[in-house]
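For reference, chains read A, B, C and D in written order, and residue numbers begin at 1 within each chain.
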Amino acid sequence: MIITMNATANGAEISRIIKHLKAKNYTPRTSVNGCIRVAALGKGEAIDWDMLRRTDGVAKIEPPEQPYILASWQMKPERSIVKVRHVEIGGAAAVVMAGPCSVESREQVLSTARAVKKSGAVILRGGAYKPRTSPYEFQGLGVDGLKLLREAGDATGLPVITEVLSEDDVEIVAEYADMFQIGARNMQNFSLLRKIGKMRTPVLLKRGAAATVKEWLCAAEYILAGGNESVVLCERGIKTFDNSLRNTLDLAAVALVKELSHLPVIVDPSHACGKRSLISVLSKAALAVGADGVIVEVHPTPEKALSDAAQQLDFNEFGAMMRDLRIAPNGTPVRL
Amino acid sequence: MIITMNATANGAEISRIIKHLKAKNYTPRTSVNGCIRVAALGKGEAIDWDMLRRTDGVAKIEPPEQPYILASWQMKPERSIVKVRHVEIGGAAAVVMAGPCSVESREQVLSTARAVKKSGAVILRGGAYKPRTSPYEFQGLGVDGLKLLREAGDATGLPVITEVLSEDDVEIVAEYADMFQIGARNMQNFSLLRKIGKMRTPVLLKRGAAATVKEWLCAAEYILAGGNESVVLCERGIKTFDNSLRNTLDLAAVALVKELSHLPVIVDPSHACGKRSLISVLSKAALAVGADGVIVEVHPTPEKALSDAAQQLDFNEFGAMMRDLRIAPNGTPVRL
Amino acid sequence: MIITMNATANGAEISRIIKHLKAKNYTPRTSVNGCIRVAALGKGEAIDWDMLRRTDGVAKIEPPEQPYILASWQMKPERSIVKVRHVEIGGAAAVVMAGPCSVESREQVLSTARAVKKSGAVILRGGAYKPRTSPYEFQGLGVDGLKLLREAGDATGLPVITEVLSEDDVEIVAEYADMFQIGARNMQNFSLLRKIGKMRTPVLLKRGAAATVKEWLCAAEYILAGGNESVVLCERGIKTFDNSLRNTLDLAAVALVKELSHLPVIVDPSHACGKRSLISVLSKAALAVGADGVIVEVHPTPEKALSDAAQQLDFNEFGAMMRDLRIAPNGTPVRL
Amino acid sequence: MIITMNATANGAEISRIIKHLKAKNYTPRTSVNGCIRVAALGKGEAIDWDMLRRTDGVAKIEPPEQPYILASWQMKPERSIVKVRHVEIGGAAAVVMAGPCSVESREQVLSTARAVKKSGAVILRGGAYKPRTSPYEFQGLGVDGLKLLREAGDATGLPVITEVLSEDDVEIVAEYADMFQIGARNMQNFSLLRKIGKMRTPVLLKRGAAATVKEWLCAAEYILAGGNESVVLCERGIKTFDNSLRNTLDLAAVALVKELSHLPVIVDPSHACGKRSLISVLSKAALAVGADGVIVEVHPTPEKALSDAAQQLDFNEFGAMMRDLRIAPNGTPVRL
């Protein structure tokens, strides 16, 4: 149930409700937006909702309209802005995250960080733990990669994002990164989601390659339900019958998610299409459809990259893309 | 084989090549762009290509790189502009086609024609023959619908487009319409494609709901091979595992087709998403990704429509969308 | 509405109902199974169903539960058996149809007819009009192919089935073939379905590569509604994200269709998987799941075939498959 | 590279090869089948393969044909038989695993164990940790569920299988279960796969709902590469455009995997179709296509189940299914 308090409800009244829910074995979560809303999560004991409805301070009590309660507008009728250090995702400015698919060397990640910052990127991406189809492919530099990424972030002042693949790596990644990335293959790794839910590091949750919009929002709900409110969604293409491109970018889902949820959404055109020449127009379309930003793979010499060679932009291509998106090179992106 | 003539090749030289191909049972097709190119279509007899390569006027002879020869840049390295009466599709201006899903009555189609023209649409759409999943659903007004559509087009000066479902209807539709529409379900109705290929009326070829980009371009090739060069492609969403929306709009395919072919491409956001509130942002994204226009369903009172009620815009919504696309209300659309 | 008459209703009572429906502009269709059922098809005028319910001879009047009325158990609670000359599809025996993908020559089709008959096939298949992705691929021998197929059928006593691609070819195909095949690409070619509905030649309706079970049954309904009751369904694989095989054979859909409809269903493992070595086990699985038969491609020398070389069996392979299915070589197949 | 030794190669010769590979930083894995094969896994240093080829005892050295090396016939030209206590999967007898979706109570799991054993099941399944789309759905009894499952297994003599969702639960699950299950959502949870690879408990690896056959076999390779050779694959339906049933059972993939790999494969018709009435025929088809067994959900009172109510069989339905599969009630199943 979602309990909406009166705008004039006071702390004591709110506390009483929360205490009652806890006593009945529900987990209460609140949102503040003009008035306070309290969601009663979980399967607690029977409650006399009609009586509760008549309690002081309570405006209304309604069942949730969606299985993703905390992610819905019903629970929080205000766009979420997720802060990654000084960068706001979901605010007025479109956010561009950029960097190499994999961190390969100090020189590689540092030069990329400088180049993407110069062109207007505000967050640095780079993989230290790589999810690879085959166990015999390059699996990333691990902790060494985390350190190099951190160093490049510090050198340029860019917050850094990197993928966390394993529950066991959550703490070490949190130590080095400003934002977790959960990859498409782990979107329904519920153990990982629960562990990330207990952290306070912001998280970028990629849509699974065969996840419906509802499944995606329910995956976000796992994190939100754990208490981590800094969730950004990322559309990165779905699997369809058409193998013309790596995946099928589902921009309508971005527009739909904006209707269903207050969470910010960004788009990853690199993995969606897997084809360098389309990244720029797809980024433009992503912003046109209402995305809060894009995450793009950039590499000093894409043809020599240890992973995803076909889809990484070089510095010049990235610069051209950013000009095409009309994002100022001083790092102050503007929303189209 | 594709035979590229010298820029200085004269008529006699070109005629000699064409005559030779015909003698060997090939169907020759030409394109003009700086120089003349001649495609030798079909499975003719053995030809001594090396000898032909040394013939006067011949610059080079190369095998086609794609199964869709005439639709490829290799055969025609210049964007095609398809003229529908005075309207150019594929040129500088983005083209908006609009109108009701089905023609239902004189009043309905006439008022819609006036409204969409006022907001900047340049082609009027309307279904007279409707492809319906069930034989017991409304199948369209047939010839009466064609007449009403023509009347509305004449009254407003808008060229009209309508779907042709049957080989037997090709002539009657050509009599009333300025542009054929081939629907998604008929994209590989090869008999219909061949018949349309013999006509000279421009045609809008919708992508099948499960057609790959290659299959789509090969379907266009059937029409081009018949001699009808006025083909416009239309992306309208594909079938995927996710039923959150009616179909999955594949905007990356639009960008990809632009790389593979000189044919104009437009987008149908109405059928792609089936949801009124998303039409405008998807149209914007379509133009951002390089589409040459959009085709949108508009109805005076969508909730009373005999088909596709959930996805038709009313006049105000359409007007707002056009302003959002920054398309001038005087009918002179500008490309974003 | 579906009107079920009493088991004791007499001709006059039934005629009165039918006359009334016609007067109100409905198309009545009847089924006989213990009692008579009358379906009132189309959108006629308002009828006082309560009054009709009290009419002599009427047992009950109920709305259809499915959009495919005639294809449903509700309208006909008895398995349909479709007769193709002397062969019964949907009866006690599993039916094997076999023959080359394309009719290529007299020798080819005749030798194949003899070989498949010897191994137990009871219907000869062979393509005269071929639906090909590209206009430049082999399109079949046309009428010459029909004649050769007929000749081979007559020589062996096997009824013949062949695909009809165009409305214009319906009559000529009916002249030579004992059963129409409607291909996957034409499953929603409603004009063709309507024309076939007016014929009395049995028809095999392949499932579209992206058709839901409901769409498939509604396509059958187009034919049934036209008056042609001899419809056999054919599952031939659907398009999915996985390109390991040509298509994804959907055997659960066969079982589901058997629950939803009285129509016979057969399976085409050749097109479903496109891989010779899997045809036999997939046929076995098809019969295990309740299919009424299979249709398999057989060629004297598959590696030289003009189409679908990878999926055609040679005579020995077909013989082995038939033994594996425990189908007697004398042409009297038995249901597993 | 895969190094095949002579049938007469002795221990010293084989050891020399393995030592050399280790010295060059490769991970050697061996298979025994008539002769010894040694796979050199990982990206070690440069090796003079030509020289190695001339070493005593070496018959041939070939590059792997597939990215899944250990799972391929090339590395092990002999069917794998996976032993779960006394039960052999992949051997002469088809194996039926059965039990409730979730362990709910002692009485529920015990009565089910007894019933399925009586009907011929040889392994007991039951979920203690449940992967649920929403965080607010029943998540399983956890360790209490493991204990009840173990108790029911011990009481009936049936080995037990249960899903492991989290790396952190691997040890505790190994303590209570005879076989791990990795669910479809975790098929590419590479951290979990690696951890399971280090265990010696057999594992059932379900195919991801959008995993290609290659991705599935590569996921198995992660486990095999870790040293756990007891991997059984499980097809459980894939996501497609057709929502008529819960998923689309891909039986052709089962046949294909049998061609590509020596690993046993079983089928889960319950999750594939989500519809009680189809489980039996789909199980039959699974065995017909070559599956080594099936895993089926059984519950004393399916309509009261806490999860997957629509697809669980009751005891009578399961008994009927087993008779339909001709599996003897004494627990000695026979292959169809």
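Rule of thumb we're sticking to: a contact is a pair of C-beta atoms (placed from the backbone, for glycine too) under 8 Å apart; a residue touches a chain by one contact, two chains touch by 3 or more.
These figures come from a predicted structure and were not determined experimentally.
Asks: Provide the labels of all chains in contact with subunit A and in contact with subunit D.
Replies: B, C
Asks: If you walk touching chains, what's the least steps from subunit B to subunit D?
Replies: Between subunit B and subunit D, the shortest chain-hopping route counts 1.
Asks: Give the label of the chain whose average Cα location is farthest from that of subunit A.
Replies: C
Asks: Measuring from the mean C-alpha position of subunit C to the mean C-alpha position of subunit D, what distance in angstrom results?
Replies: Once rounded, the distance between the two centres reads 38 Å.
Asks: Cα centroid separation between subunit A and subunit C, in whole Å?
Replies: Inter-chain centre distance comes to 50 Å.
Asks: Quick one: subunit B and subunit C, Cα centre-to-centre, how many Å?
Replies: 33
Asks: If a residue has to touch 2 or more other chains to count, which residues of subunit D qualify?
Replies: Correct list: 210, 214, 239-241, 243.
Asks: For subunit D, which residues are in contact with subunit B within the complex?
Replies: Touch residues, subunit D against subunit B: 210, 239-241, 243.
Asks: Residue numbers of subunit B touching subunit A in their complex, please.
Replies: Residues 210-214, 237-245, 248-253, 255-256, 259, 272-273, 275, 277-278, 281-282, 284-290 of subunit B touch subunit A in their complex.
Asks: Contact residues on subunit D for subunit A in the complex?
Replies: 41-43, 67-69, 131-136, 138, 165-169, 185-186, 188-192, 194, 208-210, 214-215, 218, 221-222, 225, 239
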